[in-house]
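Before I ask anything, here is the structure I am working with.
So that you can tell them apart, the chains are marked A, B, C and D in the order they are listed, and the count of residues begins at 1 in each.
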Amino acid sequence: MPDPTLSCLTLLGAWALIGFAGLVRPGSVFVVGRVLFPLGALVGVALALVALVNAAQPADQLVLPLGLPDLPFHLRSDALSDVFLFLLGAASAGVSIFGAGYFRSGEGTAPGLLCLQYHLFLASMGLVLLADDAYLFMLTWETMALSSYFLVTTQHRLPEIRRAGFLYLLIAHVGAIGILLSFGVLQGGSWQFTFDAMRAAQLSPAWAAVAFLLALFGFGAKAGLVPLHVWLPEAHPAAPSPVSALMSGVMLKTALYGLLRVTFDLLGEPVWWWGLVPLAFGLFSAIYGVVFAAAQTDMKRLLAFSSIENIGILFTGVGLAIVFGGVGMRTLASLALVAVLYHAVNHAFMKSLLFVGTGSVLHATRERNLGRLGGLIHRMPWVAWLTLIGALAIAGLPPLNGFVSEWLLLQAFLSAYQVPKPFLGMLLPLGAALIALAAALAGYVMVKFYGVIFLGQPREASLERAHDAGWLERIGLGWLAAGCVVLGLFPRHFIDLLELVPMQFGLIQARTIGGNWWRVIPVMERQAAYAPVLFLLVVGLVIALTVFVVSRLYHVRARRSAPWDCGFARLDARMQDTAEGFGQPIRHIFQPFFSMQRELPTPFDRAPHYRVTIGERIWTHAYLPLAELVQRTARAVAWLQQGRIATYLLYSFVTLLVMLGLVL
Amino acid sequence: MELIVLLAIPLAGAAWAAVLGERPYAPEANTAFSFATLIAAAALAMRVIGEGSFSAADEQFFIDPFNVFLVTLTAFVGFTTSLFSRPYMRIEFEHGRIKPRQLRLYHSMYQLFVAAMLIALTSNNMGLVWVAMEAATLSTVLLVTLYRTPASLEAGWKYFILCGVGIAQALFGTILLYFAAEKVLGGEGMTALLWTHLNAVKGSLEPAVLSLAFVFLLVGYGTKVGLVPLHNWLPDAHAEGPTPISAVLSGLLLNVAAYAVVRCKVLVEGSLGSPLPGRMLMAFGLFSVVVASFFLWRQRDIKRLFAYSSIEHMGIITFAFGMGGPVANFAALLHMTVHSLTKSAIFFAVGHAAQKAGTQVMDDIRGLITLSPTVGWGLMLGALAILGLPPFGVFASEFLILTTAMRDHPWATPILLLALGVAFAAIFGRVQPMVFGETSAKRLPVFAHLGLVLMLGVFIPPSLAEWFRLAAQLIAGS
Amino acid sequence: MSVIPWLTQALEVLAAIAVAPLFGGWIVQCRAWLQNKSAPSIWLPYRAIHKLFHKEAVLAERASPLFRFAPYVVFGSMVCAAAIIPSMGTRLPFSGAADAIALVGLLATARVFVSLAAMDVGTAFGTLGARREMMVGFLAEPALLMVIFVASLISSSTALPEISDALATQPFALYPSLAFTAVAFVLVLLAENARIPVDNPATHLELTMIHEAMLLEYSARHLALMEWAAALKLFNYACIGFALFVPWGVATEQAQTPAALFASLPILAAKLAAAGVGLALIETVSAKLRVFRAPEFLATAFLLAVLGLLVNLLLRA
Amino acid sequence: MSELPFDLQILNALAALFLLLAFAMLAQRRVVALVSLLAFQGALLCAATLLLAHRTGQWHLYFSALLTLALKVVFLPWLLRRLIRRLGVYWDSEPLINTTATMLLGLLVVIFSFGLAQPIAALASTATRNAIGIAVAVVLLAFLTMITRRKAMSQVVGFLSMENGLFFGAMSATYGMPMIVELGVALDVLVAMLVLGVFFFQIREQFDSLDLHHLESLKEEQ
C-alpha cells in the first residue's frame, strides 16, 4: 500500500503533466480531445478510487522541500480531504470525458491552452484539498481562482464575459484576503502557519469567533453565499459548459471544505452561536437562489442560481452541525454533517450533469436563451433522458440521490427542537420549513428548466436541425447520471465513508447511522428509515404489473393525430408558455426579491411587445454605491496632483517641516 | 578586483557610447557591455558568497550580502533591459521619433546610469553614495526628455528640480551625519563618512543630530524612492521617457534609493535606540500605498498606471523595512527583487504593446492577445503577478509582510489590505480589456523575468534564502 | 414472522386501488344531494375507466415517449404511496422502506411527471396547467411536510404508521397543535386534489382549470390511468388525514389480529363516507377562487401548519 | 559672545550676512540681481572657507575655497548671466505669494530652524556655535524662494543658493567634507548646471518662454 498522500499527489501531478502536454500540439483538437482529456478522466477515476482507499487509513502527512524557506509545503490526507478528493475525482472524470467530445477548435482559446488551464484547475483544486499549511493553501487557492478565471474568459471577445471574469476574480481575491486574515488569527501567536500549529493554538473565544467569521466571509465569497454571490450568475454562464460544471459542481465545494476544515479541524470546538450565522445566511441563500432561478430565462444562469440555492442548503447544514456540536448533541451534529457532505457530493454529480447537458444543447443549437429552445427530446434523446435524471435528482425526488441528502438534513432538523437554548428550539424547526420550501421550489424550477428546453414544440425552426451529443459526451453524461442513480439507491455504503469525517472531528466515536445495504436508519428504526431500493422495486413492480395487465386485458393500440388542445386548430409554438411565463407566478409571489423593469404594451400598439428585465436589489443597494465611493475618493486624491511644480515643492517643504517638528 | 571590473565596464561603455553611440551596431554593443557587467556582478556575488563581505579601495567600497544581491539584480535587469531596448529603440529610430544624436546620448547615458547605480550600491562612503545618486538622476534626466515633446520636457524639468531639491536635502543630512560622526571618529581621517565605521560606533553617535540628519536623508532619498507626497516627479518621468528607461527607473533606481534610506535607517536606529525612524518609514510607506492605490483608479495612460503601482510597491517595501525584524526585512528584500523583476517585465510588455497600438492611452489599446499573443500574455501575467496573485513571488513577499504586520501592527493590516484590494480592482480592470477583447486594429526578457518570479513564488533556492537572511540580519543590525 | 402484516399490506393496497374511484363517486353523490340535483350512478367512475381502457389511444404527433410513460409512473407512485399509508393496520412491512417525508417526495414525483407530460405536447393549455399545478405544488408540499412534522414531534417519528400508532394507542389527549394542522391539512388536500376552491373537478373547459388542463391531450388507457391515479391520490390524502387525526380503529402494533384487521375495514369505510360528506359540504358552501388567490390560500395553509408547530413546541402539546 | 576670538566673530558676521542675503533673494524679483546675489553668497562662502582654513590650517580647505571661488563666484554666475542674455529673461513676473507675506514666512522659518539647531549648537565643539541653525535657515529660505517663483531661471538660482547654504553649513559646522566628497559634489553641481543649460534651450525652443505655467499640463484630470 503506497503512501496515501504521495499517491494523491502523483495523480495531481499527472493532471498537471497532461495539461502541459496540451502545449505540445496546441492546435490539434485530436490530441487534446481524443487523448489528453480521456487520460485526464482516467486520472480522475483513479483519484476517486485512491481517495476511497485512503479514507479508511489514518491521517498521513508529507512535507515537500518547496515553499517559503521557513515554511515548506505541508500536505495531509485525512478523511475530510479524502471525501472531497473523491468528489473531485469522480465528478471531474465525467466532466473530462464529456469535455473530450465537447471542446472544438476555433472557439476562443486554443485547445492546447484550454487543456493546460483545465488540468491546472483540476490539479490546484486537488492541492487545495491536500494543503496542510496556510501558505500552500492560499497559493493553490488563488491558483485555482486564476486558472478558472482564464477558463471563464475563454470567449474573451464578448464584453459581458470579460465583465464576468473581472467580477469573478475580484470577489475571489477579496474572499482570499478574508481567508488570509482568518489564518493570521488562527495561528494564535505561534506564528507557525502550518495547520498543525493552528490545531495546537489556544485562541481566546473572541479571537476564535473572529477567525470563524473571517473564514465564513472568505469561503462564503467563493461559494457564492448571498450577498457575496453576484459573481456566480455572471461567471457560470460565461464559461464553457464543462468548466461551468466543474466550477459549480466541484470548485464551490472546495469552499465548503475550507469552512469545515477551519471550523471543525483547526478551531477544534466550535461555539453553538457561530452556527446561527451560516444557518441564517444559508437559509436566505437557499430561498433567494431558487426564487431567482425560477425567474431566469438563460438556462445556464438558471443553473447558476440553483447552485446558489444548493450552497445555501449546504451552509445551513454546516450551521446546524455547529449548533448541535456546540450544545453537545454530537450524534445529531454528525448526522447534519453527513447530510451536508452527502449533499455536496450529490450536487457535484447533479449539477455537473445538468451543466454538461446544457453544454450539448448549446452546441447543438448555439442557443442559451430558453425562449428559443424547446422540443429537443425528439432531436437529442440521449441528452434529454440523461438530463432528466439530473433534473429529477436535483428536484429532490426519490429514489434519486438529491432526496437522500435532503431527507437526512430534514431528519437532523426534526430533532432540533431538543436544543436546550431559548428560542432556538423553536426557531430551528422553522428552518426545516424553509428547506422544504426551497426543495419544493427547486421542483418548480426543474420542471421549468426541463419542460421548456426539451419538451413542447421547438420555438425556433433551426431547432429541427439540432443533433444529438457525440459518443464521448454521452459517456460523460452517462457517468454522471449513473452517479446520481447509484448514490440515490445505495446510500448506506457511502454514508459509511462520510461518517469517517465526524469521527475524525471527534464528534462521534463509532458509527451512529444504522441500517444495512438496502436501507438507512439515521437515528433509530422506529423514528425513521428509508430504503430506496425497495422503494424503486415497488414502484417499478406496480408499473410493470399495470403495463402487463393493461396489455393483457385490453390492447395497446395507439394512433397519432394533431394535438386536440380543446379543438383549437391553429396551434403554434408561440402559444406555449415561455420561460418568463412559466416564472410569472414566482415573480408574482416573491415580488420584494426582485427589482423589475417592465415594458407593457398598450392596447393600441400596432406591434405590441413586452419586455421585462429582472435585476437584483443587492447590486443597486450595495455594490454600486461601494464602487461610487471608491471613485469619489480617487477623485479627491487625484486633486493632489495638480501639475504645478511650486505646489510639489511646497509638499516637500511642508513634509520636511512637519518631520523636523516631529524630531524637535 | 571584480569590483573594479564591475564599475569599469559600464563607465567604459558610457565613454565608448558617447563617441560611437549612434553606429548601427551600437545596440548590440550596449547589450554586450551590460552582459559583461552582469558577468562581473555574478563573479562578485560568487566571491561574497564564498568569503563573506569585504571592502576595497581603502574602505571606500564595501560589499556585503545586502548590497551584492542588489548589485546582481541591477546588473541582471540592466542586461535584460538592454536586450529589450534593442528592438524597441530600433523601432523608435525607424519611426523617426529619435535622431542619431539622441541614440548616442541614450546609449552613453544608459551605461552611465548603470555605473552610477552600481557605485551608489557598492560605495561605503555616505558622501559618495550621495554623489552617485545625484549622478544617476542627472544621467536619466536627459533620457526622460529624449523625445523633446513638450510633455517630456515638462516631465524632465519636474524630475530634475524635485529630485535635485530632494537630493540637496539628502546632502544636508549627510553633512549632519558627518558632523555627528567626526565627534566620534575625528574629522581628519577619511573614516568619518564610512558606513562600516559609522555602523561600528553608531551607539555613541549624538542622537539629536542623527535624528535631524535622518529627517533630511529620508526626505531627500525618499523623494527618489517616490514616497507620497514626495512622489510627484515619478509618474510624469515614467510616462514620458522611453519605455526602457521607465523599466530601469522603476525596477532599479527606486530600489537603490530605498537601499540608501535603509542604510541610513540602520545607523540612526542604532544611535537613537528608539523605533522612531522605523515608525517614520512605516508611516510613509502606508501613506504611499493607500494614496497610490487610489491614484490608480483614474489613470488613462498605461505607463502612468504602472508608475503609480511602483509607488504603491515602494510603499509596501518601505513599510516592511520600517517594521524591521528579520522576517519583515527578509520579506522586504524579497519584495524588492520580485517587484523589480516583475515591474520591468511589465514595462517591457507595455513598451511593445504601446508600439503595437501606437498609443499609450489605455482606452485605445484593445485585444493585444489577438494582436500579439506573447505581448498579451506577458502583460496579463505580469499584471496578475504584480497584483500579488499566486503562484507568483509577489504573493510570497506580501504574505510574509502581511502576516508580520498582523503580528506587530494589527491596526495597519486592514489599511494595507484595503489598499491592495483597491489597487487590484483598478489595475486588473484596466489591463483585462487591453489584453482581451476584439482588436480595433520575440520577447524573451518578459518571460525570463516572469519565470524567475514564478519560481520565487513556489520555491526560493536555499542559497538565495540564506543570502536574504544574512542581509536581513545585517539590516536588523544584529 | 407472522403473515398478518403482509396480509394487511396487501389488503390496504388492493382496497385502495379498488375503492378509490368509488370514493370519488361517493363525493359526487353527496354533492348532488346537497345541491339537490339528481346524481349520476355511484359506479360511474368505474364505467368511465373501463370504457377508456377499451378505446384506442390517440396521441399528438409531437408526443414523446415521456408522454406515454408518465401515466404509468404516476399510477405506480400513487399505489406505492397507498402502501405506505396505514389505513387499516399500522404494522406494515413496507413502512420501513419509506417514511412520511419519502411519501411527500413520492407525491412530488407524481406531480412533476404529470406536469412534464402536460408540457410535452406543447399546447397552450398544457403548459398553463403545468405551471399552475407546480405553483400549487410548491406551496402545498412544505405545508404538508409541516403538518407531518407536528405529528412527528408528538410521536417522535416520521414513519407514518408509527405516528398513527402512537396517536391511536396513547391515552386520549387534546392537541391544540393538531387542531391547527388539521385545518392546514384540509386546505392542502383541497388544493392538491384539484377541488373547489382551488380548482373545479366538475368541469372540463374553464380558463381557470388546473388538473383538467394537464390531461387534455390524454385519451384512452393513459387518461384512464391518470384519472385512476387522481382518484387514488384523493383516497391517499384522505387516509393520511385519518392516520394523523383520527387514527382510532386501525389495527395497532400490539393488537394486530385478523379480527382487528377486519374490524378496521368498516371503520375505514365509515371514515371515508364521513370524509366524502365533509368534502362535498365544503365544495358546496365555498366558491371557487381566482387562480391568483390560490397562493394566498395555500400560504394560509402553510402558516397554519407552522403555527401548529410553534404551538406544539410552546405547549409541548 | 565677546569672549570669542576675533576671526570667529568675523565668521559669525559672515554667517549673519549669509542669512541676510538669503532674505534678499527671497525678496528680489529681478533675475539678474538674483544672480549677483548668488555670486555674492558664493563669495561669502569662499571667504568663510579661507578664514577657517587659516584658522585650522587644513590644506584641503584652501583647495575647496579655490573650488568655490572658481565654481560659485565666477563660473556659474557667468553661465547664468549668459543664459539670461541669450534667453532674454530679465524679470520674474509677480511671485505666487506677495513679498511681505513671504518675508513673514521666512522669519518664522528662521525662528523654527534656530530652535531646531539649539540642542546641536549646544554640543558643537567647533568654533561656530550657531552655524548649523543658520545653514538650516538658509536652506529652508532657499526652498521658500523656489516655491514662490514663476520663472524657471529664478527657481534654479534658488536651487543654487540652497547648495550654498548646505556648503556653508558643512564648512562652518565640520570644516568641510572629505575631499573626495567635495570634489564629487562640485562635479555634480557643475554637471547639473550644464544639463540645465541644455534644458533651458530645449524649453525655450518648445514654449519660447521660460515661464513655468507652460509646465503644468501633466496632472490628474479632475
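Assume contacts are C-beta pairs under 8 Å (C-beta built on N, C-alpha and C of every residue); 3 or more make two chains touch, one makes a residue touch a chain.
Because the structure is a prediction, the values reported are computed rather than measured.
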**Item:** Chain labels contacting chain B and also chain D
**Value:** A
**Complete:** Counting C-beta pairs in contact for A-C and for A-B, the higher total belongs to A-C
**Message:** As a quick test, compute the distance in whole Å between the mean CA positions of chain C and chain D.
**Reply:** 102
**Asked** How many angstrom lie between the CA centroids of chain A and chain C, rounded to a whole number?
**Response** 36
**Asked** When the C-alpha atoms of chain B and chain C are each averaged to a single point, how far apart are the two points in Å?
**Response** 79
**Fill in**
Whole-Å distance, C-alpha centre of chain A to that of chain B, is 44
**Asked** Residue numbers in chain A touching 2 or more other chains?
**Response** 635, 638, 640-641, 645, 649, 652, 656, 660
**Item:** Where chain D touches two or more other chains, by residue
**Value:** 116, 143, 146, 155, 215-218, 220-221
**Asked** Pairwise, which chains touch?
**Response** A-B, A-C, A-D, B-D
**Prompt:** Can you list the chain A residues touching chain C in their complex?
**Reply:** 374-375, 377-378, 388, 392, 395-398, 403, 407, 410-411, 414, 417, 425-426, 429-430, 432-433, 436-437, 439-441, 443-444, 446-448, 450-452, 455-457, 519, 525-531, 534-535, 538-540, 542-543, 546-547, 550, 553-566, 568, 571, 573, 575-577, 581-582, 584-586, 588-589
**Complete:** chain C contacts chain A in the complex at 53-54, 56-64, 66, 68, 72-73, 75-77, 79-80, 83, 94, 96-99, 101-102, 105-106, 108-109, 111-112, 115-116, 119-128, 130-132, 134-135, 137-139, 141-142, 145-146, 149, 152-153, 156-159, 162, 205, 216-217, 220-221, 225, 292, 295, 302, 306, 309-310, 313-314
**Asked** Where on chain B does chain A make contact in their complex?
**Response** 157-158, 161-162, 165-166, 169, 211-212, 214-216, 218-219, 223, 228-230, 232-233, 235, 276, 280, 291, 294-298, 367, 369, 384, 387, 389-391, 395-396, 399-400, 402-403, 406-407, 413, 417, 420-422, 424-425, 428-429, 432-433, 436-438, 457-460, 462, 465, 468-469
**Fill in**
Within the complex, chain B is touched by chain A residues 66-69, 135, 138-143, 145-146, 153, 156-157, 159, 162, 165-166, 169-170, 173-174, 177, 180-181, 184-185, 191, 193, 630-631, 633-635, 637-638, 640-641, 645, 648-649, 651-652, 655-656, 659-660, 662-663
**Request:** State the interface residues of chain B toward chain D in the complex, per the touch definition above.
**Result:** 60, 125, 127-128, 130-131, 134-135, 138, 141-142, 145, 148, 150-151, 153-158, 160-161, 164-165, 168-169, 171-172, 174-176, 178-179, 182-183, 187, 190, 192-193, 206, 208-209, 212, 235-236, 239-240, 295, 298, 300
